[in-house]
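Look at the two complexes coming up: subunit A is in both, with subunit B in one and subunit C in the other.
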Partner chain A sequence: MASTVIGANITIEGEVIADEDVVVQGTVRGKLSAKDGVTVESGAVVEADVSGGPMTLAGQVTGNVTSTDRVELQSGARVVGNVKAARITIADGAHFKGNVDMDV
Partner chain B sequence: MAQAKTSAARHVPRSSGSRDAGVLGTSVRIRGKISGEGDLQILGSVEGDVVVRGDLMIGESASIESENLEAQAVTIQGEVKGDVNASGPVRLGRTARVHGDLKGSEISIEEGAQFAGRIEADFELPASLGKR
Partner chain C sequence: MASANATTIIGRDTRVRARVTGASDVEVQGHLEGELTVGGEVRVTETATIAADIRARRIVVRGAVRGDLNADEAILLEEGAKVVGDVRAPRVAIAPGGLVKGYVETGHAGEGKRASHSTATRAAPAPVRHAPPAKAHAPAKAHANANANAKAHANAKAHTNAKPKGRGMTLAGGKAPPPVVPVLKKGTKAALTKRR
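== the complex of A and B ==
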């Protein structure tokens, strides 16, 4: 259960730092760093560099994504930026523009 | 395609909460501006303005430093430094620590709450008092 939910009608402009899971349904501009998982739901807009643990991206992300674990781009996701993660999956139907760095 | 569908079902937690409510958890720190249409519950720390159309709930663990807090009904249980500008009622709970001015349709301060600032509430005086 995520303890932080940035609801669909909420916009945050600035820096978000969390030690727990973060679910974004609304808009975040600036910077988003979480110690744990980050979920960007379908309909959410993130214009920020995102860092954290396991990430599930189904919305729109513009910025660099850095994960200590895995990054999952789901169908319908729109990601523009570089992704750095140990593991990455890009589902059929996900849009992605950027570089992938799996730290081989 | 079938594969994508199963993974989507597995990973998107559509929790029971309504989509227009926001919760900022205890470990969350935000520096910047928060705005929105819906209700918002803040349990972490916020440095910056908060402007929401819905109700604002500031939990006991929250600490907020802000020039402007704007919402409909505002309930404060935590620490707030800054002015509160509510279109609805403002309620200071027993654990509230507020430094700033309060504006709202009604203001209530529970026993135990700490408050330093001005109170501005719009209310209609009874006709007998208004005549004076």
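== the complex of A and C ==
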């Protein structure tokens, strides 16, 4: 259950720092950092560096993504930026441009 | 997880320093600093701390807000509300246990007659804040400018009396006694050039 939800019709320009889950359905520009999971839903736009725990990305993300856990690019996601995480999965149909940095 | 048109929630362990805009509802449980302008309803819960001007169709407050509240419909300050800032809406309700420090105006949609009351706002023991009121009307501005000018004059005088820097200001101010300028000049520029 997400504690912070950025709804579909909302734009946040600045920084969001959460000690909990964050779900993005709308637009975030700036910086997004969560202690817990981050979900970028289909239709969401994130133009920000994103850091946090487990991440599920289905929307559009422009910026570097750093996770302490796993990053999952779902089908339909558009990610431009470097992704650093312990585990990364990219689903068939996800668009991705950037470096991948896993703990090898 | 919420549906597509669900409200936006800023959770209690979340800090947002940003401009938040949009059409839907927003519930703030955590910390928000910046600006919050939405077309829907804003709910400020008990755990929330907000340092931002809020504009919305409707605002319900149960937490702490430092900033001006402007609503197109209504503002409800419920028990636990602590508002430091001006409150403007066609309907404003302050429930027992709601605390307000600032200017409260009901009866029109946020804007409007603000000019005639701007001085009253100043007179009230309102917070000394300089967040620009969203759209001040011309008369209000004129008023503010008049005040600013008055202050500028006072400052200019003070400067010329105290420090030699204020040559330009004195000229601009016009009212300052002219003899002061040369006297002060001697203290600084003239003295320096003589030494060299």
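Odds and ends about this structure:
We adopt the following convention: the second predicted complex is superposed on the first by the 104 of 104 C-alpha atoms of A that agree within 3 Å, B and C clash if a C-alpha of one lies under 4 Å from a C-alpha of the other, contacts with A are read in each partner's own complex, and residues count from 1 in each chain.
The rule we apply is simple: a residue touches a chain if its C-beta (ideal position, glycine included) is under 8 Å from a C-beta of that chain, and two chains touch if they have at least 3 such contacts.
These numbers come from a predicted model, not from an experiment.
Partners subunit B and subunit C clash in the overlay (superposition on subunit A). Residue contacts after overlaying the shared chain place A:Asp92 against subunit B, while subunit C stays out of touching range. By the touch criterion defined above, A:Val16 lies against subunit B and subunit C together after alignment on the C-alpha atoms of chain A. With both structures placed on the common chain, the touch criterion links A:Thr56 to subunit B but leaves subunit C unconnected.
By the touch criterion stated above, A:Val5 is placed in contact with subunit B and with subunit C alike.
Counted by residues of subunit A touched, the larger count belongs to B, out of subunit B and subunit C. Of the two partner chains, subunit B is the only one touched by A:Glu72; subunit C is not.
Counting contacts by the rule stated earlier, residues 1-20, 22-23, 25-26, 30, 35, 39 of subunit A appear in both its interface with subunit B and its interface with subunit C.
Contact residues on subunit A toward subunit B in their complex (touch as defined above): 1-20, 22-23, 25-26, 30, 35, 39, 41-42, 56, 58, 72, 74-75, 89, 91-93. Subunit C makes touch with subunit A in their complex at residues 1-2, 4-26, 29-30, 34, 38-39.
Contact residues on subunit B toward subunit A in their complex (touch as defined above): 1, 3-5, 7-8, 11-13, 15, 17, 19-40, 43-44, 48, 52-54.
Within the complex, the subunit A residues that touch subunit C are 1-23, 25-26, 30, 35, 39, 43.
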